[in-house]
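Two complexes come next, and they have one chain in common, subunit A, joined by subunit B in the first and subunit C in the second.
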Partner chain A sequence: MELEIIEQHENYVKFVLSGITPTFANTLRRLIMSEVPTMAIDEVIIIENTTPLYDEIVAHRLGLLPLKTDLASYVLPTECECGGQGCTSCEVSLTLEVLGEKDIEIVYSNSLLSQDPKIGPVFLNIPILKMAKNQKIFLEAIARLGRGMEHAKWQPTSTVSYKYYPVVKFNEKNCTYCGECVEVCPRDIIKIENGKIYAENVINCSLCNQCVDICETDAVFVSTTGTDFIFTVESTGALSTKDILLKALKILNEKANEFKVNVEEF
Partner chain B sequence: MMIPIRCYTCGKVIAHYYDDFLDGMKAGKEASELLDSFDLKRYCCRRMLITHVELIDDILTFSSPVR
Partner chain C sequence: MQAKIVRKEESLLEVEIAGENHTFLNLLRESLKDQEGVLFAAYRFPHPLLENPIFYLRTEGINPIDALKIAVDTINKHCEDLTDLVTSSFT
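Then we have the complex of A and B:
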């Protein structure tokens, strides 16, 4: 199994994982989507809301805000010593109190004050609500760890995807160099230069097979390696892409160990 | 009503780009250039900003302030 990182910026990583099966690729994807825990606002206690937005709309918007997550100091409420009743190791309280001073006051996510400085909104300039002069919002929000399988707000990623590593080959004996496959390719990966046909940046190939369909002499072949996968992981910012992958693998390990213990017992 | 926090389709957070998007549009920039500068590659996220109508600005003028 080999890992090669192709592209990486903040909250985004694209890598090739070679020597695995489609089963493993999908396991990794599903673990990231539905098992890796992140922090999100789960309960909102509205004390005062005289803004034109309903309490439910405000609560829903708050829930979707990605929060910076610290997996070392927090546990899932179901696994907490308090039994899910709520304590400092499974809950964080955030407060929002704003009085409209301008004709149109926009309340941004930086007004949300957290009890724990390690937990807080990832982006500080998300508009949560708007209010007119002298209107008021005062609420307490409780953030908890949760899993993507319960609600999408707890997903650590917005996109996790993989595709097979493409292989584009040409039969130069059959090729008439008509250039139709070059024209039809939506990703512009086929090139004809100095009487030679070749593919460059094969990784961009979307496996659409349009070049194969248009070729009258059967000179183009598109297939996949079957064991190499191009992964894209795009984090919401709650956890870094590295932490997400590490946590997903740790969960896989724990699940396998649990299964092993069960097998040993029968 | 207000700009949705996340893209309806893929769940990417897009609300924090909205102010910059509006400022850029007022400055006469092309929408496509702005969206590219935010690194919004998928058309699902791009339509969120392009097609949004901030209706709340109209509603605000009719909402009663607290005394």
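Then we have the complex of A and C:
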């Protein structure tokens, strides 16, 4: 098994994972999407709302805000010692209180004040609602840990995907160097130079097979290695991409160990 | 996760695994499939909402329970390998 990072920014990573099976790649993707817990607003207590938006719409918009998550200090309500009733180790309270001072007041996510400085909106410039002068919003929001399988607001990633590592080959005996495959390639990876045909940046190939279809002399071959995968993980900002992967693997490890304990009792 | 035996014979095992889905079961199936002595490994959901998945395992020459243990160890090894790789290559 080998891992090579191709691109890494804040909240985004693209890497090649070699020497694994398609099943393992899919398991990793499914774990990240639906099992890695993150923080999201789950309950909203509206004290005052004289804005034009209904309480339900405000609550829904609040739920979808990505919140910075600290997995070391919080546990899932179902696994908490309090039995899910709500305590400081399984929930955080955030308050939002804004009175319209301008003619049109836009309430942004930076108005949401958290009880715990480690938990709070990832982006401070997300509009929550708009209101007119002297209108008021006052609410308390309770954020909890949850899993993506229950609601998409608890997914740690906006994108997590993989594709097979492409292999583009040419049969130079059959090739007439007509250049049609070069023209048709939407990713511009095929090049003809000095009477030689080759593919560069093969990683960008989308395996569309257009070059194979257009070639009249059957000189282009597109396939995959079958054991190498290009992963793209784009975090919402709740957790870093590294933490997401490590947590996903930890969950898989726990699942396997739990199953082993069960099997040993058989 | 709660696993219990539905049917057990010398070379056949049928296990009901509560609270799991394709995420873990497909990996377990794949891991068993590559093992020597495993004739058949598969799972099914009798009903997607009302019933738990059932895992079938048929072996030849080895105890199906031992085969399961080896499969779980393989999964754990992959997990640890990748954890090390992620820890060392990510910044």
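The rule is short, and it goes like this: the second predicted complex is superposed on the first by the 266 of 266 C-alpha atoms of A that agree within 3 Å, B and C clash if a C-alpha of one lies under 4 Å from a C-alpha of the other, contacts with A are read in each partner's own complex, and residues count from 1 in each chain.
One rule holds for everything that comes next: a contact is a pair of C-beta atoms (placed from the backbone, for glycine too) under 8 Å apart; a residue touches a chain by one contact, two chains touch by 3 or more.
Keep in mind that what you see is a predicted model, and the values were worked out from it rather than measured.
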Thinking of the overlay built on chain A, is A:45 touched by subunit B (first), by subunit C (second), by both, or by neither? neither
Check whether A:246 is in contact with subunit B, with subunit C, with both or with neither, and answer first, second, both or neither. second
Per the contact definition in the header, classify A:136: touching subunit B only (first), subunit C only (second), both, or neither. first
Between subunit B and subunit C, whom does A:158 touch in the aligned arrangement: first, second, both, or neither? first
Let me test your reading of the model: by the given contact rule, A:82 touches which partner, first (subunit B), second (subunit C), both or neither? neither
Touching both subunit B and subunit C, residues of subunit A: none
Taking the touch rule as given, give the residues of subunit C at its contact with subunit A in the complex, in rising order. 1-5, 8, 17, 20, 22-24, 26-30, 65, 68-69, 72-73, 75-76, 78-83, 85-87, 89-91
In their complex, what parts of subunit B are in touch with subunit A? 1-3, 5-7, 10-13, 15-16, 18-19, 39, 56-57, 59-61, 63, 65-67
Sites on subunit A touched by subunit B in the complex: 9, 50-53, 57, 61, 64-66, 100, 104, 122-123, 125-127, 129-136, 152, 155, 158-159, 234, 236-237
Using the touch definition up top, name the residues of subunit A that touch subunit C in the complex. 1-5, 8, 13, 15, 17, 20-21, 23-24, 26-28, 30-31, 34-35, 241-242, 245-246, 249-250, 252-253, 255-260, 262-264, 266
